[in-house]
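Same chain, two partners: chain A is paired with chain B first, then with chain C.
So, the complex of A and B:
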């Protein structure tokens, strides 16, 4: 393979990557500043802002609530999404293109608009079940991703393996568990993880549907940024960045799924 | 399992594949199997499987969005209650009021500039992913995608800490002798910078896959024929990557025109976009029909851009890219 990248391009790429990580590094540096205001470069060293954040019950509640919400949304999306993906890829569905169009349409409409529309519907219905509303709102957004990811893995299956197993006398359930499942597992896993992340990080749906008792962590972060100016915000931001790094490690090492696949 | 009917030759089983244990399961499984095989031949299995998800999205997505569009067109009297009738009044307000029209123009401007800047930054990165060696490609991919896992509120806040009066950029400029730099925070520039950063991955990935599909021999032929690297980029890589650029640009435009968090955190109340206007009209002023009209306009904008970029660009360049290959 010939070297097709010029050194100049490498330098440019290096500079852009530095700019890309800068907004994630600077809060880290500011979070250890022993001052009562945000300043760069940080003065002194302290971990008291981290201690303050970790001991804050509001922050804990929001974090745990978001984990719970994302978990439920992932489960619902997988339960609805996997059969749908199987139906779309392995069976004949009348009006297949229209069905696919409806299923993928939430990806085109801006999230903030989907949120407004749901809020309008829920208030016309007189619904007060905030948790249920949030689960529905997040699932609307996550379901298309799950269906797309799982469908892709069913399309990529090597059908010859199934035929071979059947010819050799394997019962359908054996084919399903020993031949099909290992091939679609990565796609289902990737869809589930992506769904979890989308729900956990969602702002534009939650901003319409949440209330004081059901307050996801992105909304909490936003209110903190709006109302306080000490380095504790930088500490929360840093904790969220550490959490994302942990997620990257878990996804790549434990599940063995590359980030590129998750994003596709 | 329709495919089971087509018998395949045994040698189509790849070497080293684990042969499934066929002798599992007793009579219970045979009953299930016979029921399943009768069930699966019906024409409706696909419909049954697709139905729950389809129904869910029809009720909780199509219905609310369509009824919101309808409510944006329905007339309402002075105290806000809806009455029978059909009106474009809500849309006229958006265009007749100078304040609202400025917000609309700013949204389009920011979204277009974000797409343009994202494309400029994305090309070097996409070329590095598609053409650099595996270590470089992996480093760039991870560095570009990992921030997607960081919440958008945190990423926007990160730019606040850089663009602040006491932030990292002011400090860095001071080190090189610029003591009184312009404050960027709470301006349209800050919104633009952060939007480019937040939505850059959505430009890089389609571009990288488009560039990876370009036949290397075309580039090599151009180089052998004496073209400089810049010329190779302008005459080979850029035109052949246009389908990827179209996908990336329509994604970035759609996302940034509907952005809410980033403009709020970095633009404050000084440069609101349409997202902020929707939020104010609905949550603060309780003007549902007008909020619905702005939302509908946002959908129309995003749809139009997607159609224009994807359909037109693809139609015009598909033939070109085919023959160029």
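So, the complex of A and C:
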């Protein structure tokens, strides 16, 4: 049976969506302004700022580096986070609450403090491996997202289905792939997406650990804003909005999970 | 077979070596070879200055010395934070910071005195930018009011307190260094004393600061963004900001420029320091010396529209419109450098007071 949605609810939802989306339209409009500085509403029309950004090797390097970093961090976080979530939800572990508290602590401590603490730690260790430092730093702040999301999936899983499959003769690997995986997949995917986005957007950790050869896109954006506040800033912001949109569409298309399930 | 004595053989060998040396030079001899293969990490500023250092100065230095320089862009407080965090095992060799932080770095033993003998380019440095041997300035900006070109700015800071400016001013955030300049201005307006004396009267001037609140539209913490907003007419006047953030827009044709009230202006001194226990200290010193060389300073100043701290540079009339140079011109404009040791000790309390006034 389908429920009918009241017109009032539709209007309210429409207004909320407009409020959420409207600020994203502003940089889009500013990015096409044919002026050497940012104006709103835009004056004239040009796509030269997009051409300038896309042809800029610094912007390209930073964007590709952020993609690479976020990809590695997502993989590492999933490799560490999934077994951790399974252990915490399915087994009695001594000091379980403490372990969970430590893992989730980066969500409570300001990231800027975590960043400077990590820099101090790596300095004491004598580490000069910037990429490794960034991967570790980002993983520390991304891991809680994976563990929270995956843990929730494992808590909500219907254990009776596993028991039924086992009783009916399914081997453990069949139970894992045919019964457990379909139930936890949205949680794992959601954790991975959060992880990727948190890493891709991170500024406070990277600010302490990055260097000129490892320069993520949020740091690049900040330096560009300091250099010159021209419409190329709005063009970069618009490209990042398009990228996020593309990411959601690809995930929806490739993995076939609906946004509603991700949000649930 | 001719017999050759040991002495004759030695002479021949020396002669052959002397002849061969110039021929072999292009193959084997590298100028500044002592630095080859070494690496230093430096903390620089962002903005147009950082862009120039990374794109122009570092590649040329690396080519000349065969050393690698890795630069991290940041700002003064971050760079000081990085020095603190890595104090026990320094990661950075050279740091770019503003003069405000030099006393802090000195007091916390984060930096060491510069080896003047190893830095020949310091010969041209104006003494006032030598900071007792603990740092050298690299670029000097003027901090003052900036305004939309269609607005006639006041000739005195005192006029900003008038009702005519109600809701028309943008004020620099307390977390930015130029907010200290604003506090000195408020103290000078209240007391009628010059900046040099007024800076010690700030504690008694917060009532004057609060009086300006009705005229403040909002606070800003990003100079280029504030310049852009004033250019668009969102506010008439911004106070106060460094010329290096404003003039690049003026030069691009944006309707924003700076004005210099009769009370005077402030010097924003961007400096370099040598980190204590710096890895590859010799390369670090060579790099700091390179930063002061006339050719580098001229190009750096023209790109970022800042004044160099060294003498003997010729600039075009167009560049001189935006910078206070040479030293006589800086003195003529009354560029004031505050007593940072006194101010740093009080700054966190002043920041809280400012937040209390403007956050309500």
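One rule holds for everything that comes next: the second predicted complex is superposed on the first by the 225 of 264 C-alpha atoms of A that agree within 3 Å, B and C clash if a C-alpha of one lies under 4 Å from a C-alpha of the other, contacts with A are read in each partner's own complex, and residues count from 1 in each chain.
In this text, a residue touches a chain if its C-beta (ideal position, glycine included) is under 8 Å from a C-beta of that chain, and two chains touch if they have at least 3 such contacts.
This is a predicted model, so every value here is computed, not measured.
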- Message: Quick check for you: in the superposed arrangement, does A:212 touch first (chain B), second (chain C), both or neither?
- Response: second
- With both structures superposed, pick whichever of chain B and chain C touches the larger number of chain A residues. B
- Task: Give one of first, second, both or neither to describe whether A:228 is in contact with chain B, with chain C, with both, or with none.
- Result: second
- Item | Which superposed partner A:105 touches (first chain B, second chain C, both, neither) | first
- Touched partner set for A:171, first chain B, second chain C, both or neither: first
- Query: Which partner does A:159 reach: the first (chain B), the second (chain C), both, or neither?
  - Reply: first
- Message: Under the stated touch criterion, which partner chain does A:34 make contact with: chain B (first), chain C (second), both, or neither?
- Response: neither
- Shared contact residues on chain A - chain B and chain C: 37-40, 116, 119-120, 207, 222, 225
- Query: Touching chain C in the complex: which residues of chain A?
  - Reply: 36-40, 116, 119-120, 123-124, 126, 128, 207-208, 210-213, 215, 219, 222-223, 225-230
- As the complex stands, chain C meets chain A at residues 41, 46-48, 50-51, 54, 70-74, 78, 81-82, 85-86, 88-91, 222-225, 227-228, 231-232, 248-249, 252-254
- Query: How about chain B: which of its residues touch chain A in the complex?
  - Reply: 1-4, 6-8, 10, 12-14, 17-22, 24-25, 29-30, 32-33, 36-37, 43, 45-50, 52-54, 56-58, 60-65, 67-68, 71, 121, 124-125, 127-128, 131-133, 136, 139-155, 157-162, 164, 166-168, 170-171, 194, 197, 200-201, 205, 216, 219-220, 229, 254, 257-258, 260-261, 264-265, 275, 278-279, 282, 288, 291-292, 295, 298-299, 302-303, 306
- Query: Which of the residues in chain A end up touching chain B in this complex?
  - Reply: 1-2, 4-6, 9-10, 12-13, 16-17, 19-24, 26-27, 30, 37-41, 80-81, 83-84, 86-88, 90-94, 99, 102-103, 105-106, 108-114, 116-121, 136-137, 139-140, 143-144, 147, 158-175, 178-179, 197, 201, 203-204, 207, 217-218, 221-222, 225, 233-234, 237, 240-241, 244-245, 247-248, 258-260, 262-264
